[in-house]
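Below, each structure is written out as structure tokens.
First subunit A sits with subunit B, and in the next complex the same chain sits with subunit C.
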Partner chain A sequence: MVESAWGWLIIAYLFLAGAGSGAFIAAVACELLAPDWSKALARAGSLAAGPLVAVGTACLVLDLEAGFWEPWRQIYLVGNLRSMISWGVIILSFFIPLAFLYAAALNEITVVGKIAKKYVLFIEIVGSLLAVATATYTGVLIAVVNGVPFWNTPLMPVLFLASAMSTGLAVAMIGAAIIDITTVKTLSNFALGHVIFLAVEALVLMLFVFMSLTRSTEAALSAGILISGVLSPYFWGLVVILGIVVPFILSIIEYYEYGEMPKYLVVGADLLVLIGGMSLRALIIFSGAPPQII
Partner chain B sequence: MPRYGIAIDTTKCIGCHACRVACQNQNELRFNEAYNWIKSKDRGRFPSYGAEFIPVQCNHCENPPCQRVCPTGATYTTPEGVVLVNPKTCVGCKYCMEACPYKVRIIKHHEGIVEKCRFCIELVREGGTPACVSTCPTQVRIFGDLDDPNSDISKFIAQHRAQPLRPDLDTRPKIFYKRS
Partner chain C sequence: MNTTSWIYKRESQERGTMSEHPENPSQQDVETSEAPEPVSAAGPAAEEASSPKPSNNHAADRRGRMITAGLLATVILAVIAMLVSGIFQLTSRWLMVCPKDLPVNDPAPILWQDVVAQEPKPAKLGAPEKLASQVVFKSASGEAAPPKGSAH
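What follows is the complex of A and B.
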């Protein structure tokens, strides 16, 4: 494990922002493309998106030091447009209110929701763009860092976007099961989504690890920590097996059994995807080795 | 305007850490905070064995990754080419600590801001030299103007072909090392 300036708060933020924006995209996709039986999933996704990203952003603020104790300093955060954090602040400050507005619109919460419902298509289009921006930017945030060669690759945002899509769908499916347990049967329709997203995530993760092994000495060192070093039990156990392989198999069974699978397995697969997503972020942060300077 | 830099002769360094203590004293740091470190590297095998001591501190890069990623613009470069942190606008996000390839920035938890070697800019502007330079018993460090071809540092770099650490990272550091 490598000493990192960032810890669990940033990891939680990376995960929650990804899951929240993924849930938003899942909700929009259901609302626009799927027929009436998927409304519970669209509602759950929209309800989860705003709070998840907001809690994630709270983690980000908690990780600040002077900016936390003297919050007025945060006004400076948009001071340098060459910094990904400045872009992140701008993206988040538009996406979070819009996500709450979308939840209000789909669930017709208060008079705000009723008004917002008239502009729901506009919210969906702009919101989806911002959701993709949020999920991608969390990857770009650490990809532009010279100080950690392992992260410094264009595959990083792709990996985070893929993980955001699968964790977002998982959040929306768990939410749908909570809102309306009878909907569990219809959730099988979305199992195919999980199969696709997890396959893409596995592919990108494989590319990321393989290319890291040859990219530079430090990236290879980091990749080594993940696949055969001190963090390898967590990588293979939590990310690969529990986070990708098991939910992948469960989702295939779910798709073919169509609605016959026990409820706890359906929700369990989604929970595993979330554990995998969180572990993936944590392991990438903790395995980032700095350049060898001497 | 001068362009300050330091040349370090690692063959003279005895690893006594006087530079670190002088720096802590000058910058009123706590015992567990430092702006410079002495890294060591094993050279050769017994019986022809030696340990090389390599003093490391902020390189005051001309292409500083820390300054590029700082969201508040708290990290800035002075006209003398010294990279500094404005303690009034730093929020303590630690992005610069991740971005720095040399990992020479620290977070001062009690103040909530990130700090690092400042080339003792107040001393230098009054005509002095940084504390680590003046305190070194074996005169490992040479401080001076890189743009003046007749300065001690420029002559030293030219004579020994001193190189910065990891020049391939393209951060263009202003600390040059004579390694052997």
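What follows is the complex of A and C.
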């Protein structure tokens, strides 16, 4: 497969930044709403958020080849405040250190963490806003491309935000299971979150595809590639069945079984959500690319 | 059973108890939460001196485990990203690209053929024959002279 101008580095950025910001939101939600029995998940989410978004942003910088070899040119990225790209750079520049600071504060890592723990509520509020902005910006980044009508829709940021929430929760749950495998039973409480986020993601994805079919010729052709064209095996297999339907059913069973489900199925459902999230981003990028790319 | 009691039941299940309501905790809850702490006869100062302090190793272990968890989560995601890209890369070789799948029909070859195929036809000099047959000359009095072949 020949890579286009929008290749795997951008896809990795979209996936990692979305999952990282979603993990941050999941951590804050656990810390604020259920601080007694979701410590492991909050800690795991906070620890994963910063590195994930940082690695994703590194992929974005690597994709900017000129900016990578001549880094001083990147100062121009924040020169035009009418551009969404500039706002994205500003959001990422503030969110990444704040995510690391939150991880340090929540886990009391180093002296900085102990000092930051006093202001943890402030960090949570500001960080949540920046996390939502980061997750939304992953969709905005490709929605502002006027040359590809399939991407150029306001639904794109909504779809990416919904996917970021489900993948972020999956990251936090996997991290919590790594920290303490006995917490898997507690994770059953969060299966409801998976059910809600996956349902919203499926709904928005359906709207996105159906609206693309009627929006313009080019968008309809791109949507056709996804649902019945050359990329349809990936779309139905990796995104719809493995990434949405199977984890959705497993999460419902997990919620009602409450801790009785085997651990490998609990973690497996989260891994499937992540595979679906990555595949969704790859498919959206490739279906909007010129034909010779595929 | 109302919502509050249902939530409490879930939390109780997590703790290993089965009490139905917070206002009516089970015996195990009572034993767990209200058990009096043993007080030594020598007083709290002696107890503090005799009780082992939580070791720094335990905290360091816990912290190390959490940092490892964060790093592992990042590695797992990177592996998933590479796995998905690998699936795409490998299986795309088996895909047959169908012309109807093209997102944009490239008009360039058709336009180029039109340009190449158009041969300029030789044009005669002067006015075309059709135009010459319809031309009307003005007479000296200013009235338009009837065209050739007119009934007047």
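Operating definition for what follows: the second predicted complex is superposed on the first by the 283 of 294 C-alpha atoms of A that agree within 3 Å, B and C clash if a C-alpha of one lies under 4 Å from a C-alpha of the other, contacts with A are read in each partner's own complex, and residues count from 1 in each chain.
Rule of thumb we're sticking to: contacts are C-beta pairs under 8 Å (C-beta built on N, C-alpha and C of every residue); 3 or more make two chains touch, one makes a residue touch a chain.
These numbers come from a predicted model, not from an experiment.
Annotation: superposed three-chain arrangement on subunit A; subunit B versus subunit C shows a clash. Looking at the shared chain after the overlay, A:89 reaches subunit B, while subunit C stays out of its contact range.
Within the superposed three-chain model, A:57 lies out of touch with both subunit B and subunit C [touch as defined at top]. Of the two partner chains, subunit C is the only one that A:275 touches; subunit B does not reach it. When the shared chain is aligned, subunit B comes close enough to touch A:65, but subunit C does not. Of the two partner chains placed around the shared chain by superposition, neither subunit B nor subunit C is touched by A:153. Ranking subunit B and subunit C by residues of subunit A touched puts C first.
When the two complexes are overlaid on their common chain A, residue A:229 makes contact with subunit C while staying clear of subunit B. Contacts of A:80 after superposition: subunit B is touched, whereas subunit C is not reached. Once both structures are laid onto chain A, the subunit B stretch out of 45-53, 81-89, 99-107 or 171-179 that overlaps subunit C is 45-53. The intersection of subunit A residues touching subunit B with those touching subunit C, taken from the two complexes, comprises 290-291, 294. By the touch rule above, subunit B contacts subunit A in their complex via residues 39, 41, 54, 56, 65, 68-74, 89-95, 97-103, 107, 109, 111-113, 165-166, 169, 171. Residues 4-6, 63-70, 73-74, 76-80, 82-86, 89, 142, 144-148, 290-291, 293-294 of subunit A are the ones touching subunit B in the complex.
If you check the complex, the residues on subunit C that touch subunit A are 10-11, 13-14, 63, 65-74, 76-78, 80-81, 83-85, 87-89, 91-92, 95-98, 100-104, 106. By the touch criterion stated above, subunit A contacts subunit C in their complex at residues 1, 8, 11-12, 15-16, 19, 23, 37, 43-44, 47-48, 51-52, 55, 103, 107-109, 150, 171, 174-176, 178-179, 185-186, 189, 218, 221-222, 224-225, 229-230, 233-234, 238, 258-259, 271, 274-275, 278-279, 282, 286-291, 294.
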